[in-house]
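In what comes next, chain A is part of two complexes: it sits with chain B in the first one and with chain C in the second one.
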Partner chain A sequence: MAATTTENEYVTLESSDGFQFIIHREAAMLSGTVRNMLSSAGQFTESTEGVIHFRDIKAVILEKVCKYWYYKARHLNSVTEIPHFEIEPEYVLETLMAADFLDT
Partner chain B sequence: MASLQGRRHVRGKIRPPQRKSNIETLFDNTWSTLASAITTIHEQKAYTLSYEEVYRCGYNLVINKCGERLYHGVKDLIEKYLESEAEMKIVPVLGIADTSPSEGVQVLKAIQKLWKHHVTCLLMIKDILIHMDKNYVPQSRLPRTYDMGLYLFRDTVVRSPKYPIKSYLQKILLNQITMERKGDMIDRGAVKSCTEMLLELKENQGIESVYITDFETQFVETSREFYRLESEELVRRFDPPEYMRKVEDRLNEEQFRCSHYLTEKTEPKIREIVEQEMIAKHLKTIMEMENWGLKQLLINNRLEDLERMYRLFSRVTNGPNELQVSVSGYIKESGKAINTNVYPSSSENAEKGTPLGVALALRWVQEVLDLKERFDVILNSAFAKDKSFDTAINSAFESFINLNPKAPEFMSLFIDNKLKKDFKGKSDDEVDNILNKTTTLFRFLSDKDVFERYYKQHLSNRLLLGKSLSDEAERGMIAKLKIECGYQFTSKLEGMFQDMRLSTDTMTSFKGFLENAVDPPPIELNVTVLTSTFWPVPSVPVACNLPAEFLAATKVFERFFTTRHNGRKLTWHATMGSVDLRATFEARRHELNVSTMAAVVLLLFNNVPEGESLSYTAIEQETGLPTENLKRTLQSVACGKFKILIKEPKSRDISDTDSFRFNSAFTEKLSRIKIQTIASKVETATELKETHEKVEDARNHMAEAAIVRVMKSRKSLDHNNLITEVISQLQGRFNPAPSMIKKRIEALIDREYLERAPGNRTMYNYLA
Partner chain C sequence: MSRRNRGGANTTFVNNVRGPTSALTSFLNERGIRRANPAPAPAPPPQAPTATVGEEEEEEEGEDEEQSSAASSTPPTRTTRLTRGRTIVTTTVATSSRVSRSESAKKDGDNQDVNKEDGGNDDDDGDDDDDDDDEDYKVQRTSVRISIRSTRASSSSAASSSKAAASKADATSSKKRPRKKDSLSDSDNPEDKDFHDITGYVQRSNFSHKGRMPQGSNKIEFCSRCRARFTIRAGTKPAVDEDTGGLLCPTCAGSPSPAPSSDQKARPVKRLRRKIQKVEIENQIPSLQDLCIKKIANCIEDVEAFGDISDISLDKICRIISRNRSLSDETVRLFLDPRHYDMSLYDCTEITPVGFKNIAYLCPKLRSLKLKFCGRINDAVMSLYASHLTQLTSLSLIGPILVTEATYIKFFEAVENGFEKFELKHSARFSLKTLKALCENCPNLTCLRLGDCNMMDDEWIEPIAGLTKLRSLRIRNPGRGRLTTEPVVKLIQAVGSGLEELELKGCVDLEDAILVDAIRPCCVRLERLNIAGCELLTTEAVENLFKDWSTNRGLNYVNLENCILVGDEALKALTSHSAETLETLSIKGLDELTKEALLTIARCENLTTLDASWCRAMDDDVMKEIMDSAPKLMNVDVWGDHRLTECCVSRKGMKIVGREGDYLDLKFI
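Moving on, here comes the complex of A and B:
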C-alpha cells in the first residue's frame, strides 16, 4: 500500500466545501505541510489513502494554492524573468493564511 | 476560521478577527484532540490519525498564542508516558541482573526497546508539531520537540530519580564487557545499541553526550583496574614472548571493541590504559625475565618476538628508551665476553710469537663482525631500522671495541689476512661485502691513527713480499678508508702503491741499462725504491753485512739510479727484501726463496766444510745482524717447517750457545721452497711498546700542528676555546686528552710559536 501511494503520481486534495483537486504529488509536495503529511514515519491516513482533506480551506482558495504550486514548479529553476502571479484582492487574506498553514 | 469571518466584512477593509472570549474553549477542544493523538502515536496506531487534523490543532494553538501551554502539555504527556513505561517494562526486569549477571542483557534489551519506540514516536510527534517547532520554539529558546524528547528520556528513564536504572545500566554494560574480556560470548548487538543510545543522548546545551558522563569515565576506570590485575597475572604466568602476544591480542581486541560497539572516541583512552598497565608498568619485568627475557630473545635471534617487543614498547613514552638501554647493555656484555675470551690467551701466546696470536685476532674480529651482523639483521627486521636504535647499537659497539686496546691491530691483521689468503677464489661482490663490514667496524675505532700505523706495516709487507692476492681489493679497501677518514689518512698508503708502480718502471729501464753495462752485477737484482716518508721503514737501516756479490750488485744499481735522479739518497734495507737461492742437497737441488737476512746467513755455510757447524756467536759476528732479527731468521731456517740448518741442541728457541750446520740430508717433494720469516703476527710486548711510543709521537706532532693551525688563523685565543677547537680537529684520528694538548701548548710556548698574553694568563698569542 505504502509503495503504491508513494509511487502514485497524483494526490487528491479535498477542500472544506467538498471540491476535489487531483494534482501532481510533486507539485503538492512543494508545501512543507503536505510533504510532512505524506512522508512522515507515522504513516498517517493521508499517506495511506492519498487523499488530503483540508477542513479549513475553501475550494476557491485551494484552487489558487494549487495554481501557485504549478506556477512555482514551472519557474523554480528558471533563469528568465518570472511572470507575476495574480491574486485577486478579495482572496488575498485567505490565501495568505492558507499559505502559512501549508508552509508554502 | 479566521478567513470565513473575514469575508463578511466590507470589501477592502481588513480587520483582525476578535475571538478572545473563546480561546479557552478552543484550547480545551484542540488540546484534547492533540493529546489523544499523541497517545494514539504511543500506542503505535498512528495510521488511524489524520495528519491534517492533528497538524491543524497544533497550528491553531500556536497562532492563538497558546504555544507555551502546548509545548509544556506535550512535554508532560511524554514524560508521564515514559515514566509509566519505565516502571512497567524496565523496573520489573532489573532484578534479573541481580540474580544472574549474564542475563543482564535482558535489561539492556528492555531499555533498548523503550528507546527505539520512543524515538519513533518522537519523530512523528515532531512532524505533527512542526509548526510549533518553527514558530514558537525558536523565539522562546526552548529545545525543539525532538531534543526535548531526548532530554526527557535521559531524565526520566536513564537517570530516573525514582528507579536505579542508571546504575544498573552502567553495571550491566561493564559486566558484559568484562565477560567478553574474559572470553565469554556476549550479545554485542544489545551493548552496541545501548552505547549508541547513550551517545545520542546529549547533556543540556552541550555537545558532550551522556555516554561520556555516565559511561565512559566508569568504563575507563574499570578497564584500568582490569588490566592492572590481568597484566600482573599474565606476567606471572607466561614468558615474555607469550605475554607480548597476549598484550597485542588485547590491544587489537580493545580496538575492535571500540570500533564495533563502543565509539572511536573511546579508543585512544582505552588504548592508553592497556599500554600503560600492560606495557609501561612492566617494561623492566618483561625485559629482565629469566626465562625468555630480552637477553634470550637476542641470543636466539627471535626476530618475530623482538619485533613485537619493539612495536609494543614503541607505544609508550619511555619504552624505546628502555629497550635501547637494555639492547646496548647486552651488546656491551657480549662484547666484553669476546674481549676477555681473546685476551688472556692472546697475551700469553703473543709473547711466544706464535701465529696463534693472529688466529686470535682473526677470531676476535670475526666474532665482533658476527655480532654486528646479527644486530644489523635485528635492527632491520625487528626494530624497523629505527634511527635511534641504530645509534644506540653503534655506540654500544664503539664502547666495547675501544675497550680492547688491541682492536686497531686486530682489525688491520684481519684485513691483512683476508687480503693475503681468504679472498682467493671469491667474487668481487663477496670481497666488497667483507671489506664493507670491516669498514663499519673501523668506524667504531677511536684510535684511528693506531690502526693506520698497523695497516701501513701490514700493507708494506704485503706489497714487498708480493703477498697481496688482488690489487683491486687493496685499492678498494683504501678507497673505503678514504671515504671514512679523508684524503690525509690514506695519502701515504696511496703513495706506497705509487712507489710500487714506479719501481716496476725503474726495473724495466734498469734491465735496459744492464744490457749496455760494462760490469753487469754477478747476481740478478730487483729493486723496489720506497719513499721513506710513505713507508714504515726504520730511519736507520738494520745493520747487515751483505756478501760481496750483493754489495757489487747494489753499487751498480746506485750508479744507475743517481744518473736518473740526481740528489736522491738510497738506503738499503735488508730486512725487507727476499732472495732466491739455489741449494744442492744430497737428494736433489732445490730453489729456496728466503728473506735477505736468511740468505746472508745461509750463504755463510758455503764457506764451511761439509758436516762442520758454526756457532751462534760466529754467525752473529759475520752477519752483523742485531740479536732480535738474527734469532728470528735462524728460527725460520732451523726450527720451521723446512729445516735447512740443523741446530744443536734441538729446541724451538734460539739461544746464544747454539750451533748450526747445513742439513745436507734435507728432502722435500717440491723443487721450489718458500721459507717465510715469521711475520705479521700479533706484536710482542716490546714491539707493542715501540708502536705505542711511535703513535704517541705522531699524536704529539698532529696536536702541535693542529694548535699552530688554529692559532695562525685566530692570532689570539683563550685556553678553553683552543682546546675545544683542537679536539674537534683531531677527533677523526684519535681522542686527544686535554692534558696532552696542554702539554703541547707549553712545548710550543717554549719553542716560541706562542706566547701567553701579557696580563691575561688564559690567553695565548700567535707569534709569526
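Moving on, here comes the complex of A and C:
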C-alpha cells in the first residue's frame, strides 16, 4: 500500500496547449469531475496512469483552477479568516466554464 | 440493499433481495394488518395441533434449510433433524401453499428472519427463483415454479394444498396464537380492498411476468462472497463456493481469493467521510463557480473587460449562471447586446421588471425571446415588448403569473402577422379570450405550445383549429376532465395534415379515437409524436395506428410514457412501422411489455435515445440485443428494471442511467 501511495501522490493534468500541471492528488480530488475520472471502477487510462488531458481548457485557466484547488485545500479546515481568491476579470468567463465542467 | 443488513432482525424477502422493511411495512406488521390471503383457507394440519408456536417456528426454519442448497449451520439441530423427514414428503405442497399465502403476507418472512442467523440469511436462497412480480406481490422463497403458476391460475386448485403446511405457515405468520383463527377467517377479498385503501396502493397491471416468461429465462442471484448481483444464464450452472456452498459470481469464481470483500467493506466508510468533508467545504469556502459569478457581477460595468465571447459560449455561460440561480439585474447585462437576435434566459427568478425592460431597451433587434421562470414579468413590461420589439417572431414565457388578459390581447394585436411561435406554460390568467386574440391576429403561427394552463378546456380547441399553418402543436397537462376526445379529433383533422410534431402529453381523458380516427388518416407528415400519460389509450388503438400506416414515412420521436394500457402488440407495430426512422423512444412505465416485444426494439437501427424505465421484462439479453443493432444508441434510461444487472454490456460514450446495481452502495450512505 505504501508503494502505491507514493506512486499516486501526484496526478498530471494536461491543458489543451500542452502544459502539464503535476499537482497533489488530494487537491485534484476536490473537483467532482476529476474525482470521478480517477476513482471510477473501470480500467480507464485516467485512473490507471494518473494523467488527465483537458482538451477544452487552456493552460492559463487550468493554472487558475489548480491554484483554486490548493487555496481550497489549504483553507479547508482553517479557523482563521480566509483570504480572498482573486480572479482576473479577463479570465473569469473561461474560468467559469472550466469550473462548471470540473464541478469545482 | 441486502448486503447492508447486518442486524438480521426486521428483514423481509422481496425478489430475493433482503433489506430492512419500510416504515409502512413495519407499522402494518406491528398492528397485525396484512393483506388477505388469496388462497382458500387451509384445513387443519396432520401433526399434533397442540404444538407450540416456538416449535413450529423452528420447523419452518428447518424446512428452509431443507430447500436451500446452503449448508449453513443453525443452532436448533435437533428440531431440524426431527422435521426433516416430514418436510421432505410435503415439500412441494408446502411451497405451493406458502407461495399463495406469501403473496399477501410478508410477515412470515419477518418472523422467520428474526430467528435466523446472518450467515443463514445470506446463503440459504440458493434455489430460489427470482421474482418478476410487481412490487406489491412479494413472493418469497418460491422453490417450485410450477406450483406458483397453479396457484395463480386457479386459486381453487390451491385448495388442495396441504393442510399441514398451510396452517403451519400461518402459525408462524402471527406469533399471537389467539389471533390466528381470526386472521384466517378474515382473509377474504374485502379485506384485500381495505388493505389497498390503507396503503393508498393503486392497482396497475394485475399480472405477473412469471407466467409469460419463456421457460429458460435468466435468473438473478447474489454472489455469496462479494455480494454482487449477477445473472445466471438459462441452461448454465453457476460456480459454487466450496466452503459455504453459496453461489459465486463469474468474477469471484475466476479469482478464488476472498480478498475483494475487504475492499467492499472499506468503501462506504470512505465515501461517508468524503461526504462529510464535502459538506464542510461547502459551508466554508465558496465554489469557484460562485467566485466567478460574483466577479462577473462586480465587473459587469465594463463588459469589455471580459473580451470577445462567441454566442455559443455566451449561451453556455448563461446556462451556468442560471443553474446557480444567479441571473439578476446585474448579471443579465452581460447578455444584453444590441447585436443579438436570439435570447434565452433560463432562470429569471431574480430579474425584476426593470431588468426585463432593459432587455427591450438594449436588444431592440430581438427576433426570438425565451424567458423561463419569469414570475416577475408584468403588464408594463409586456406592453413595452409589444411596442419596442418590433421584429419579434417568437416568444416563449414560462410562468408569467402577473401578466393579465388585456395585456396579452394588446400584445398579440401589436405583433400581428409576423408572429410564428408562441409558447406559454404555467399561466393561470391566459384565457379563451386571449387565445382567440392570438389565433385571429397571428394566423401565420407555425408553432404553438400551451402547457399547464389552468383555464384550458374543450372550447379552446376551436380557435386553434383555425391555425392552418401549424407545424408543431403541443398541448400539455390540461387537467383532468378539461379536454375530451371529440374536439381534439376535430382539431387534428383540421390541422393534422401540416403537423410535423404533435404532443398531447398528460391529456388524460383522450380515448382511442385520437389515434385511429384523427392521427392515422390526417397526420401524414408527422415525425414526432408524444402521447405520454394518456392513460386511456389501448394496445389495439396504438397497434391500429402503426399497422400498415403507409401514408406516414415513419416517426423519429415517439413517447408512450405511462400509457399504462399499452402492451406488446403496440410496440411491435411501432417498431415495424418506424424501424428505420426512429431515433428517440420512450416506453417508460409500460409494465406489461414482455421480453418478446422489447426485443423488437432491436429493429430500430438509428435509435439514439431510449427510455425503458420500469419495463420490468428488460434484462441483460434484451439490452445487448438492442445495443448490438443500434450503433448510435447513446442514452439509455433503465430506472426500475430490476433484471438488468451491472454485468450488462456497455460501450464507450454510452450512458446507462438508473441501473439498480449502480446505486446499491449509495443507498445507505
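Just so we're on the same page, the second predicted complex is superposed on the first by the 97 of 104 C-alpha atoms of A that agree within 3 Å, B and C clash if a C-alpha of one lies under 4 Å from a C-alpha of the other, contacts with A are read in each partner's own complex, and residues count from 1 in each chain.
Here is the rule we use: a residue touches a chain if its C-beta (ideal position, glycine included) is under 8 Å from a C-beta of that chain, and two chains touch if they have at least 3 such contacts.
If you're wondering where the values come from, they're calculated on a predicted model, not measured in any experiment.
Annotation: superposed three-chain arrangement on chain A; chain B versus chain C shows a clash.
Touch criterion met: A:H75 reaches chain C, while chain B stays clear of it. In the superposed pair of complexes, A:E90 makes contact with chain B and with chain C alike. By the touch criterion defined above, A:S15 lies against neither chain B nor chain C after alignment on the C-alpha atoms of chain A. Applying the stated contact rule after C-alpha superposition, one finds that A:I52 touches chain B and leaves chain C untouched.
Partner contacting the larger number of chain A residues, of chain B and chain C: B. Contacts of A:F44 after superposition: chain B is touched, whereas chain C is not reached. Working note: chain C versus chain B after chain A overlay, options 400-408, 454-462 or 652-660, clashing stretch identified as 652-660. Within chain A, the residues touched by chain B in the first complex and by chain C in the second are 89-90, 93, 97, 100. Those residues of chain A that touch chain B in the shared complex are 32-33, 36-37, 40-48, 52-56, 58, 61, 89-90, 93-94, 97-98, 100-101, 103. Against chain A, in their complex, chain B makes its touches with residues 1-3, 6-7, 11-12, 14, 41, 46-56, 59, 63, 120, 123-124, 127-128, 130-131, 134. Residue ranges of chain A in contact with chain C, taken from their complex: 30, 65, 68, 71-72, 75-77, 82, 85, 87, 89-90, 92-93, 95-97, 99-100, 102, 104. Listing the residues of chain C that touch chain A in their complex gives 277, 280-281, 284-285, 287-289, 291-293, 295-296, 299, 302, 305-307, 309, 313, 316-317, 320-321.
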